[in-house]
Structure formats: structure tokens, C-alpha cells
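Given below, in the form of C-alpha cells, are the structures.
What follows is chain A paired twice: with chain B in the first complex and chain C in the second.
So, the complex of A and B:
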């Protein structure tokens, strides 16, 4: 009999590939992933080695840790990292909103397909399109502020992307708007696959909407929500470049209000023509991202263990 | 003997003569012009310019077609770049040593830096000095240690202020010529809810223009700016810093449209076209188009109102946009031949016909220009002052000028703090770019 273990999504999978194929060799799985593994090693391995080499050189000459010193003492790099850190605060908001939207869609009887598409639509829109649309919409005299003024909310008509005090938070809101669709669909997919018996049993026992989903549904969604949280944390640390680039014309402005670490790397490499500083900053960012990835695997392992033990 | 061959002989003679007379703008070791290969050649040109000189694309198409007709073995592919993508796209190509044979560069540092980084070959190695001496601004902006990096293409009178007399007269105002007048116009118009000046700094570029046209009024020459770059002067010295205070004054007197920080430059200029602002600043090559769009009789083309006491106060700057030959190009001679072809009389006249702007060649007959706006612009560009933005490191421009202009115009930073920030960044750049001081020093000689 083939034994099963829960995956991070709670879906059961064969414990051993060998059990299915009939092979008992321990090297079997490694052989299967060898071609893909080689590609990954070749592409990423080479890049990382080159990155490390570049970060210790200047125009081909070895300079030791000088580049690290220059990057770490650069106020702009610190600002960029701080902005990435601030963007991390959007992750719990994203997770909560995604959970809420998924539950509401799950509970919706009529028009679920329409609402599901509506929630997911922003996620499939290209970021440049979003940048252009929101860039126009959020101008000081743009459509949003015109509407607010027309409704008598003059005080709420802010310079959303032009005021250094607002710009990063505006960008966060746009990122949330776009990314929440992914979380919603992810959580909803898991929600639909949950055994209905437990939900029905809770309802029969008199659990209301909030108790049902907080006490019964949420614990069962923990692995997928954690996956989403870690994924979005990685997005906030190393994947927000597109948003910033298209909405600020590659400037990270106003001032340096929306500069993030990726933009710093891009500008160092391609605008300021300092590939060595860009490599150094990229290496530091890679290390920061690795911390999240390691954290993700650790949490995932613990979660799986907990689910398995239950 | 063909006319071009004759021109070559005359050119060589002129080059020898000029060299002996001490002409040092171009290389002394002039490469004689050779007949180009008859083997099939494909050149790729990445360019920019239709944005500031509308009609440039038509000229590029015409010129390429004419050259290909003359040299059927040559095929030229052209790729129009975006404003934000021009520099990064070339940087990526240079890193891969693969990309265009001919590349568009803005003048000054934007052409010098690729030369210093070994990404382009000096055009003076392929174009005779006798030819290059006609290219406007070649020696002032583009020469380095006796070589000339790139070939000027067209002149950018930088940057004219366009004033609408119809808007000003509506409020009993006249065109301001001094800074005091300008602030007065700002006070009167802002009280009526009309911006005196239309601008957009979201994309940053306008910040560099403002630096050049306001900051240029207090320096004696481009050497002053280079001295601040290499550390012999400071960007906090009055001659380099006072313009920030002037900029702050424009904010305090509500000169600009309130949404200046959320608009891109070209979006903001539309306010002027729509009659919602009295003045704006435009790219020189595009100024006649702007003037004609609202009626040339209602428009005064002028330099930024005068506040400084430097020799360039009240004058426009002048820079040439250029084309360079990449170091990795396998057909440098053909590329150079195409550049020279683009400076032949027919092409110079066609440039003016297509764009209404001035080709960067002193052989262009200014008498053929009848439009008074264009004529005034061209005449002002010839003895124009240095365009400051082209004499500072590009990173200082983007990271200190662009950003601080946004903050000063937003009211979150003072002019004094902006100047201090510029100086701090300059000091840092001297550490991060280890060759900066030596390169700039050599350039300024």
C-alpha cells in the first residue's frame, strides 16, 4: 500500500516515488530532477558566482570589502532597504484581505464566477498598464481627486504620488489591490477542497459566520496562508521593482520617497554605471531573501509536522 | 574626381593647416577618409529625439533611405528609444558588448562617460578634422584628450522660456525679463488661480533643465562646474548654490502649477498650450512647434528671467545632441561615413524641413530660415552658454538635482538643504567612482 504525507497545501501525495515506479533505489528521485537541477545550477549558480566575484572587484581589480562598505554606508541604500521593510507591513494586510475575500466568495451562492474573476482580474493585469492607469488616476488633479472634490471631500484630495509623505503608502495600496487576487484564489482553492463535513458539523453545532471561519476554516488553511505570506514577503523585498519603476518613471520619487532596493540595484547598474555596487547590493538583497526562504521552509516543516501529528 | 573625394582632399589640407595652427579640438592623427566596403553591411542605430524634435523620425527614414540608395550594400536598422530607456538600454548593450553600431547620446557627460568607459570609439578617429570642425559644440562638450567622442547631430537651444502674451495681458502683465518681474507675475497670477509657469517634475528631467537655466546664471563657465565636481569648489558655494534659493522662491511665490510633482514634463507643457499657464519651458528644437500651436504672434521666446550676475545670465544655453560609434561595431568606417553623409547639405536642409530645428552644423544656411521665432532661437544658440547639466556626473544629476528639485518644489526641503545634499552626494561620488576626478580634470583641460 502506498503511504501518503500531507504537502504544504494539505494535499496528500505518494510518500515515495520509488513506490509508484517500482524502483527502490534512493538515487532514483535525484536522477529524475537532475536535468532541471542542472539547468538551475547552470543559470543561477553561474550568476551567483559572478555576482560574488563582481562585488569584490572594481573595474576588474580586487578591492576586498570596499564595495560592501560603500553600499552599506550609502544613505540611499539604507533608505531603499527601509522602504522594503515598510512594505512588509502590507503582507499581513494582504493575507487578511485575501482570507476575507476567499471566505466571502466561498459563501457567495450567486455570481461566484463573476466575483472570483473580478477579484482575480487585477492580478493578471500587466504592471505597466497598472502604472499608467494609476499614474493618471492619482494625479493631484486626476480623476480620483476630482471625484473627491465633487463630493465635498476636498481634504481627502491628496497628492497621492507626488507628495513624498504619501507616495510609498499609495504604492502599497496599489500593490495590495493587485496582489490580493492571487491570495484570494490560492486560499479559495484550498477552501473548496476542504471536507465539507467539518463545516456542516460546525454549522449544526451553531457556529456563526465568524466563529465558523475563524475557529474551523482558518486552522485548516494555515499552510496555504503561510505559503502566501512568505511568498508576498519575498515580493515586498525583491519583486516590487516593476511597480516603482512604472509609477515613478524609474526615479523612485518624489525625492527618494519610493526608492526600493531593486531600484537601487537597477540604477546603480544601468543608470549610474556602477555594476560592482549593483552586484554588492544584489548580493545583500539575495542574502536577505534567503532568510525569508529558509524561514519559509522551517515554518512549513513545522506546520506540516503539526498537521500530520493532529 | 567625385565631389566627395574633392571634399576629402580639401578637408585633409584644412586639417593639416588647422593642426599646425594649434587647433586641438580633434585628434591630430586624422584618419584619411577611405572608400567604404562594398561587402554587405548592416548597421543598427539606436536613437532618441523625436520626442523633442518632432519630425526627426521622418528625417531618419529619409536619410537612411538616401544612404542605402547610394550604398546598396548597406542596410541601416533604426530603433527609436524612450526617454527613460535611452541610457539604461545602452548600458545593458555595452555590458554585453552587443547592440547598436550607432548610438544617440545627449551632449557633455552623457557622451563623455561612455567614452571613458570604453564603450564608444572616438568619431575623430574616423571623421576628418576638417569635417568635424563644422559640427556645432563638438569641441566644447565632446572632446577629451584631443579626441572627439561623438558627432553632434542637432542643436538644442537650452532651454527657452515661452511666454504667452495673451494670458499675461489678460491680467495687465508684461513678459518678465528679470527675476523680480517674474516673482511679481507669479504673485499676481497665483492670486487669480493661474500658474505663471507650467512644469512637471515627476519624471525628473525637468529638474535638470531648471538647474541649467537658473543655475547657469551665476557661474562663469563650465569650468566652474567641473571645479565643483572635482572638489576645487563646492556646490554649497554661492555661485553653485544660490539657484536653489531662487527655485525655493518660485515655490514660495506659487509660480508653478500645483500638481507639478504629479505630472510628467510633457503632460505639464500641455497646460501652457491649453492657455492654463502663462509660461513654460520647452526643449529648444520643439519651441517653434509650441509657438505655432498657439499662434506665434502670441508667444515670446526668451531665456529664463535674469537674476544672476554671471556672463550667461539672461542668455540661453546651447548643447548638441549627438551620435557615437560603438566600440564593438564591426563597421566603424561605414558608420562614420553615414554620419558624414547626414551632415551633407541635402540632409541638413531636410532636417530643418522635417523638424524645424537646427542641425548641428555651421554649414547650414541660417539665411534660409524665415520664421522669426526659429531664427531668433538659432541665433541665440550659437553663442549660447554652457548647458550645466551636461557638465556634472549623470548620477549627481538624477540623485541630487532631480530629487531635490522635486522636494524643493513640494515644499519639503529648503534650497539651502538641497545645496548641502548636492555637495554631500558629490563627495560620495568621488569615492564610488574612483576615476571621476581624473576624468573630469582631463575633460576640463
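So, the complex of A and C:
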């Protein structure tokens, strides 16, 4: 069984450590926090301040918003952002598939543990490995196409990664393949910890499989599904570099068919040697992520009420 | 299981099982091709990629291992282990500071920390690279380890703070009445109670650091410093003519993770469901 989520301990615990105020402290909290705090401030605080500075400069000189207008009018940057936007369409697919898998696993008694491990396995595999293996699998004369041809689906044997019109969709399918395991486990964990009474009551009232899970289970799982949706939206906007880099040898090809914002930043900085433009694009990406962070934070508050706001 | 099912229910159960089997096999296909492909010859793989390796041979493995694999492995072990251990110590101390004392602004600081969990690494890449270049730390392990620690800390502190706060206050008070110092209370009361979350955190962080590509790619540029993930990314083009070698390399790279996952599955799942937002 999956153990209950640690964050929930805090809700049921009658007294919390932090609730004691005015304690005569002998060492005080700050010494304990100092090493970690300095490290976080160096990595995040310094970086973000430096990023803002760099994005207003060119070779050390202040240039105002010039970098921004350069980046925003760069056709490649627009293409990259558009690709990130297209990738967002995988999020609803991911959420529905994960919900379906979680419900199926929940309803299965025989072999549930085995299926659960199997569904989750793609999520722990390193992306470089996934990229390389799928790259081989999806060659024009690779394993998938030879299987499709053997079964008589000659028309379906596409050039999955070589066709510019196809490559991004192939990439999203691979991302779905990997990320669905995370959602399944997340939703399943919540599902198991739900009170059984409502589900049993609905069953006794004669609700079938679909009605039961759409009308009774789904509403109760809303917070965790929302959390997953926000999380995956962040992944699609700013964590897909690895897939693209590995599957296209760092080029975002064929052509520019799979260039995403992260690759744009990486290429501007390390291949085109213009760190200022990269910094500007990174700052824009951070601002975009910020929107999701706010949403994420709101959900955190709702689901963990009582842990952080006493 | 003496419960009787109606025919309709039986159809439902069977179809659900079938869907699960389908999903499972889809999840397993790349792994299957990887492992069987590593044991075949090039011709066997090209002629029948789906068949079982009837005459398994290990040439792919010896070829892959004789490349720079041992070096990459060592580098990855070193970086991952050190980064994860230091993070664990720092995060545990900081979480104790957050959980044990109530101070003004604590919840705000925790809130900021949580939101840092979703800042994409690529955003930090350029400033940190400039910093590394100024310090002369590019292509040194200490730079990458420092960055990894910084990136792992927010989630680690968050997870442990939640756990530490759930420890009944009577336990720590008892220790304090007996005259234990804060450090003593932390070490002898809090840490012994925190085995499961500490294991969870270690496993989640281990997998993250082991799999990380972008930062390792940028910060470790010299050939003898590459980590496994960076190494295998270039491995593909070098051995484009020998698929078994590529597949063998990928299998070797996956093995440590697979073992960690099998032994730590329970803890890993706990860690993820604790509100993790770790991507790759």
C-alpha cells in the first residue's frame, strides 16, 4: 500500500511544534537555516538578479529594452514559444489518461502491484536513454515501422522524427508516454486514501463503473488532478529541453520543427555566443512560469490548508 | 473471493484487465527493445527487431564498457553522491529551523521556497555559467555539485519541514526538560523518528541528480569530467553503426536506477506524492 502523504500528518496532529511561541530558544532557528539559506540565495537569488541585469545590457553597456525587442521579433523565438504552446495540448490528454489508469488500477485486485510498477517505470527512466531508444525505434526503417508494415498498415509507417510536420507530435507522444506514470501514481495515491464509504454507498445504489467514477470519484480527486495539470503545464513550458536535445542532437530539427524556448536559450548562449539574448529569453520564460507558479501556489494552499497557514 | 459476478460485470472486469495489459505492454516496449537489442548482432536487430535474442551475445556490452563508460560512471557516482549527501544534511538542519521555532516571516519564507521548486534550471543557466567562468570553476565537479545542491534544497526543505512539524511536541519538550540541547534533541529525538522521509528524500534526489542532463552538459565540458547522461547523449552518434552497442550502453546506464527503483519503490512513491514538482 502507498503510505499516506506526509503533508497530511500535519493536519491531523493535535499539536504542532511550530505552534509553540515565545520558546526560550538556546540556539535560535537562524543558525540552523543559515547554510541552506546561503546556498539557495546564491543559486536562485544571485542568478535572478544577475539575469535581470544581463537582459538590459550588451557587452556591459546599458541598452534598455533593446534585447527584449530583438528577442520578441526573432522569428525563431516565436516559433519556439509556439511549440511550447502546442505542447500544452498534451496536458489534458495526460490528465485524462492518468485518471483512467489510476481508476483501472484501483479497481483491479489481481496483479495491481505489478501493473502499478510497470505503468510507473517509464517515469524513472533517464530521458537520454528514452531519447536514444525511441530514436532507434522510430527510424524510417526502425522497429515500429517494420511492425506496422508486417501488419499491413503500410500507410501508417511514417517518418516519425524526420518529417518536419510530424516530429513535434512524435515528441509529444513520447513525453506523454513518460509522464503518464507520474500522474497515475499521484492520483492513485489520493484515490486509495479517500474514504471508502461514499464509493461503497454509490455502488450499493447501483452506480455502474462509469457513473461511479465520473460522479463520485472524480469530484473528490479534483485538487490532486489540478495539481498535476499545473505541474505538467510547467513541464511543457520549461522542462522539455532534455527530450529535444537528445532526440535531435541539440539542433531542434528537422529544420526548426522541434525548437522550444529552452533550446533557444541554450543555443543563443552556447552556440551563437550571445548570452544577453539568452538571458532576456530566460527572463521572459521565468515570467511565463511565474503565472503557473501562482496557480500552483493557490492549489498548494487549498490542499495543504493548515500546514503553512496556522 | 466467493462473490458472484453477473455476466455484464465479468465483461467489465475482463475488458479492464485487457486495457491494463495493453497499457503495461506499451510501457514496456522500449525497455524490451533495449534489452533484447543489446544481446543481438547488428543483422539480427535490423532483420527482426522484435524477436527474442535466440543466440545472446555480449559483444555490445564489452564494446560499450571499453569506451569511456567507467569514467562517466565514476563521475556520475561522485557528483550524485556528494550532492545528495550535502543536500540531506543542509535540508534537515534548515527544516528543523523552520519546524521547531515560530518566527516572524517564517510562512512567507517557506512560501517563497516552495515557489522556487518550479523555477526551470534553464533560467539559472546563464548567470551561473557567468559566475562559474569568473571563478574559474567551469569543468570542475564543485561547481556542478553546488548548483545541484541549490536546486535540490527547496523541495528537500519543504518535505522535511512538513514531516518535522508532525512530530508531537511533547517528545521534544520531554528531551528539553531533561536538559538536552537543541542539537541533542534534534539528533537523538527528531532524526531517529525521521527514517522514512529521509530515505524518501534520498531516493528522489538520487534519481534526479543521476538523470540531470542540461546543467551537467554546460558545466562539465572537458571529456574526462562528463557524467553518464552527457556521455550517453553523445554515445549514440559515435556508435551509429552498431545498434547493439548503443542498446548495451543504454542498459548499463539504466541499471543503477532500476535497482534503486526496485528497492526503494515505496519510498519513491511517497516522495512524489508528497507534492513533488520535480521535472527532469
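The rule is short, and it goes like this: the second predicted complex is superposed on the first by the 255 of 310 C-alpha atoms of A that agree within 3 Å, B and C clash if a C-alpha of one lies under 4 Å from a C-alpha of the other, contacts with A are read in each partner's own complex, and residues count from 1 in each chain.
Everything below uses one rule, namely that contacts are C-beta pairs under 8 Å (C-beta built on N, C-alpha and C of every residue); 3 or more make two chains touch, one makes a residue touch a chain.
Quantities reported herein were computed from a predicted structural model and do not represent experimental measurements.
**Student:** With both complexes overlaid on chain A, does A:118 touch chain B (first), chain C (second), both or neither?
**Tutor:** Second partner only, chain C.
**Student:** With the two structures laid over each other on chain A, which partner does A:159 touch: chain B (first), chain C (second), both, or neither?
**Tutor:** After superposition on chain A, A:159 lies in contact with chain B alone.
**Student:** Give one of first, second, both or neither to describe whether A:142 is in contact with chain B, with chain C, with both, or with none.
**Tutor:** After superposition on chain A, A:142 lies in contact with both partners, chain B and chain C.
**Student:** Once the shared chain is lined up, is A:40 touching chain B (first), chain C (second), both, or neither of them?
**Tutor:** second
**Student:** Is chain A touched at more residues by chain B or by chain C?
**Tutor:** Looking at chain A, the partner in contact with more of its residues is C.
**Student:** Quick one: is A:192 in contact with chain B, with chain C, with both, or with neither? Answer first, second, both or neither.
**Tutor:** neither
**Student:** One more residue to check, A:105. First (chain B), second (chain C), both or neither?
**Tutor:** second
**Student:** Which partner does A:249 reach: the first (chain B), the second (chain C), both, or neither?
**Tutor:** The answer is both, since A:249 touches chain B and chain C.
**Student:** For A:273 in the superposed arrangement: first (chain B), second (chain C), both or neither?
**Tutor:** Only chain B is touched by A:273; chain C is not.
**Student:** Mind sorting out which residues of chain A both chain B and chain C touch, each in its own complex?
**Tutor:** 141-142, 249, 266, 269-270, 275
**Student:** Quick check on the complex: what are the chain A residues that touch chain C?
**Tutor:** Residue positions touching the partner: 2-3, 5-7, 9-10, 13-21, 23, 25-33, 35-37, 39-40, 42-44, 46-48, 50-51, 54, 101, 104-105, 107-108, 110-111, 114-115, 117-122, 124-137, 141-143, 146-147, 177, 181-182, 185-186, 189-190, 209, 227, 231, 234-235, 237-239, 241-242, 245-246, 249, 262, 265-266, 269-270, 275, 278-279, 282-283, 285-286, 289, 292-293, 296-297, 300, 304, 307-309.
**Student:** Sort out for me which residues of chain C touch chain A in the complex.
**Tutor:** 12, 16-17, 19-20, 23-24, 26-31, 33-34, 37, 46, 49-50, 90-91, 93-94, 96-103, 106-107, 110-111, 113-116, 118-120, 122-131, 146-147, 149-151, 153-154, 157, 159, 162-170, 172, 181-183, 196-197, 207, 210-211, 213-214, 217-218, 229, 232-233, 235-237, 243, 246-247, 250, 253-254, 257-258, 261, 265-266, 268-270, 272-275, 277, 279-280
**Student:** Enumerate the contact residues on chain A facing chain B in the complex.
**Tutor:** Answer in residue numbers: 58-59, 70, 74, 76, 138-142, 159-165, 248-251, 253-256, 266-267, 269-275, 277.
**Student:** In their shared complex, at which residues does chain B touch chain A?
**Tutor:** 84, 87-88, 91-92, 95, 113, 117, 201-204, 258-264, 394-395, 398-399, 402-404, 406-407, 410, 412-413, 428, 431-435
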